[in-house]
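Supplied in structure tokens, the structure appears directly below.
Going by the order they are written in, the chains are A, B, C and D; count residues from 1 in each one.
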Amino acid sequence: MDIRLDKNAYGKNAIHLSKIIRHPDRHDIRQISVNISLSGDFEKVHTEGNNKKVLPTDTMKNTVYALAKDHFTTSIEAFGLYLADHFLTNNSQISEATVSLTEHCWKRMIFDDDPHPHSFVGGGSEKHETHIIKDHQHTLLSSGIKDLLILKTTDSGFEHYIKDKYTTLKETDDRIFSTECDITWIYDTVPPDPEHLYQAIRENLLHTFATHKSLSVQHTLYAMGDAVLKTFPEVKEITLKMPNKHHILFNLQQFGMENNNEVFIATDEPYGYITGTLSRQGQ
Amino acid sequence: MDIRLDKNAYGKNAIHLSKIIRHPDRHDIRQISVNISLSGDFEKVHTEGNNKKVLPTDTMKNTVYALAKDHFTTSIEAFGLYLADHFLTNNSQISEATVSLTEHCWKRMIFDDDPHPHSFVGGGSEKHETHIIKDHQHTLLSSGIKDLLILKTTDSGFEHYIKDKYTTLKETDDRIFSTECDITWIYDTVPPDPEHLYQAIRENLLHTFATHKSLSVQHTLYAMGDAVLKTFPEVKEITLKMPNKHHILFNLQQFGMENNNEVFIATDEPYGYITGTLSRQGQ
Amino acid sequence: MDIRLDKNAYGKNAIHLSKIIRHPDRHDIRQISVNISLSGDFEKVHTEGNNKKVLPTDTMKNTVYALAKDHFTTSIEAFGLYLADHFLTNNSQISEATVSLTEHCWKRMIFDDDPHPHSFVGGGSEKHETHIIKDHQHTLLSSGIKDLLILKTTDSGFEHYIKDKYTTLKETDDRIFSTECDITWIYDTVPPDPEHLYQAIRENLLHTFATHKSLSVQHTLYAMGDAVLKTFPEVKEITLKMPNKHHILFNLQQFGMENNNEVFIATDEPYGYITGTLSRQGQ
Amino acid sequence: MDIRLDKNAYGKNAIHLSKIIRHPDRHDIRQISVNISLSGDFEKVHTEGNNKKVLPTDTMKNTVYALAKDHFTTSIEAFGLYLADHFLTNNSQISEATVSLTEHCWKRMIFDDDPHPHSFVGGGSEKHETHIIKDHQHTLLSSGIKDLLILKTTDSGFEHYIKDKYTTLKETDDRIFSTECDITWIYDTVPPDPEHLYQAIRENLLHTFATHKSLSVQHTLYAMGDAVLKTFPEVKEITLKMPNKHHILFNLQQFGMENNNEVFIATDEPYGYITGTLSRQGQ
């Protein structure tokens, strides 16, 4: 019996890096976490313990810090593409490099409408992400939002679904809709200003969520993806993962009180989990 | 040998509640987590398994949801005080009630400068907290900020400290100063508008952090507490817990490059942990 | 321009369930977390908000609890297969059901070599998992171990790798090797006793890890997968994800002391991340 | 108005250290996390930014690693006492040192009843802790168990409690009792073999939990503390924190089925939180 090594990859994850970008009148602070993963001609590493083609993951980490000095100056997309290219170009044994960057959001402090030159507030769960998969022929660039927590207090219902013997859920035409979503999209080609485009797509997603008359999570998920594809020709495919963070109406009737959609149990688990991918016909 | 039951308390933690407050032109969403802890005449519960004076923690939870309908309408401080009073008044066996509330921050979405009437973005780590400790004579009210992540890229140094045989840290007059801090303060008396006061104290804390020429975390911690006590006569004591989230200069010299305070390793652990309590003399 | 809905799925995650199985002389406690995900004829749910084919995720949750009474009596694999079959059989609009179960480990307390009939210790990170993907023709059954934390203090080295200008890692023929691994394998057919087989495969994996002379994480990963495929004909493919939880030699030389592989900095991040899939030739 | 600096302290937290202890026939692996906190004559650090009496937290970290080589050879209690003494003795400005150590549990692998000389399984949530508070006159030594998750499937009830208008909980004489508890105890004097004593106290706690006919969490908490104080004269005070991890009977009646205490919803939040401290009379 012969054993075959199929897919394999290795790399360094959770490379946490911060950078001060020094302008004459102010500082910017950027904080990112980088994952590097490489695959290629590594069969003998596994089968023989032969490391001569192995670029150590410690070296990958050093490389990210070293290259950040001159090449992490604009978007995480641009830095990620530079990193992927660097590893592919300098290591002929590598056939594919996957680089993922997550940017943690720092907001400049403002006092009396004056932005402070070097002080920031952080701590949001929402993060900007990018993923680059690059081989010697192709580059796949995707960007996305991770852990975006959004909620609407109305314009959301869920009715006319299947009832079977295990159904206890009550229909409602007015509920809280809340989701901590991950949304990623694939670009056709590398856009000239990925940071600006990211902000525009984010705004578009929020606007659809806010204004949509939602008949289900699926219904709004589709509307959000549809609007992005129709507004941004740069985007060829979008995937939305929308866990439903249930806010369950608390039963006040048992105490002789009415609950007119006012008081809810905010729950984390269990949670509905709705996913969908939309793309353009013919692509 | 006789055994004595000293301190004891019981209650319900992590009661997660959301509430829609419905105005004619807009909704507010409030999301809180409530902890209740009671102590009093509970010796026989422990020693005999006699439950006749036990208000079940499940009932505490129900009570929080039921009272939220009519009494959680303004600040978490006001609702917390109402809850503490409710448990003390209705249960003569209770000598002390501790109520803690944490408010999770939802920000209204804004499109083209128009605040949206019912859609929100959440997900920040920063939370507004309040703690009430109440017995039949006294009420202690404290408010605070939890998990406030702040950073400044300059105006911070650390020099002239002790050097011994285990010292490897290098002195610096220019470093990143970042902390995910918990800050709580005790009010003399219940203020008329705790939410407004909270925002003003938060702003004061951020402003001191941003503008202080920091010679150490302790130095800035003290300045922040000092400014709050001097600006807000309502505050009689303030405690600051400021973990030092180190951003460590990456050694680029080993690669023949200079690192002019640009590229850092962002670390979570180990972390410095600095705490201090300030109050007014003579109190 | 036309938009197409590609992949889509929905379900309920994190359905936490415990069950007491009552034997005449003892109780067993089983605790599982279940994820259900369904796909099928759901296009109009997305595009029209038409819910008439939607089985609500709340009903999925109820179904899991209801079916657990009579059908969660042996392995999680058997219960998962029953659940997948239930959803497919009772809902013609569903083309594929994915069911994942994670079992949390409770160990019976033992006093003076006597197993206690109804008391248990839990709290391990290690979990037994199973994943079932089932459509009207095929059933794919995989089992695995999640968050298995293992460590060896010797018989592990890493040498003879590429050195480039960003290399700072020192070669070593004796290091700590620690990994919190996820290992999953696919069965050819449903085995008669999946719980027993799981324990045997787990033992095999630990034994290879313990006794292998490791020249790299990859080298040991391959050896572990290879041994499972050679020992268990029921397994047709195995995937190992082995993050390298680095224990870094602390530099005691700077204090005039020697560190003969004794004192280490135990780190979580950044971490090496090594993955591989092995299968039999010709399959 | 004058401001006073009351309590203040500083130190380093989360110093993660592993050590191989090399015996002729086997290795031991020990993994600990250390927190150091110092207080003393540090007023001017805060008020003037004068650092000349500051031992940097980075130096504390280095010191822990350096001293681990020769002095972390037996129990965490012994190493903690050595560390506390070191900081007090070498820094006259320090009036009090608090040292906390947490040991993460590694279990030796066993194959065919043979303990393996250098391979281990870890990953349990349960940890052994110790806290030392030391000044120039006194040493307070406490030890404890953190995150011990235990469960019993019977011999636990909760009845005859207060009913009021918000009561919905049903009385039961047979429920699951599960708690992830933190238990710490204070020693009169430093015991000769703290590791052995720790294991004996842990066993005693488990045995009481397993065999007690529980009428409430409080009732069992008291019994556990009582038994430790009566069995171990070295212990003068014990504090138990016992969150009630509720397993809630799932309502199968709504589907025409019976649930004879078989199927439960396993919940994390909200949770009951019961605490108590017991000591000997006259102390």
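The rule we apply is simple: a residue touches a chain if its C-beta (ideal position, glycine included) is under 8 Å from a C-beta of that chain, and two chains touch if they have at least 3 such contacts.
Bear in mind the structure is a predicted one, so any value in this text is a computation, not a measurement.
In summary, the chains found to touch both subunit A and subunit B are C, D.
A comparison of the B-C and A-C interfaces places the larger number of contacting C-beta pairs at A-C. The chain with its Cα centre farthest from the Cα centre of subunit D is A.
Work out the mean CA point of subunit C and of subunit D, and you get 29 Å between them. Between the Cα centres of subunit B and subunit C there is a gap of 37 Å.
With each centre defined as the average position of its C-alpha atoms, the distance from subunit A to subunit C rounds to 24 Å. Under the contact definition stated at the top, the residues of subunit B that touch 2 or more other chains are 16, 62, 66, 166, 168, 255, 268-269. Residues 165-166, 168, 254-255, 268-269 of subunit C are the ones that touch subunit B when the two sit in their complex. Within the complex formed with subunit C, the subunit A residues making contact are 1-16, 35, 37, 42, 45-59, 61-63, 66, 90-91, 158-162, 164, 166-169, 214-219, 221-222, 225-226, 229-230, 237, 243-244, 268-282.
Contact residues of subunit A toward subunit B in the complex are 16-22, 27, 29, 31, 62, 65-66, 68-69, 106, 109, 111, 116, 118-126, 147-155, 176, 180, 203, 206-207, 209-210, 247, 250, 252, 255, 257, 259, 261-268.
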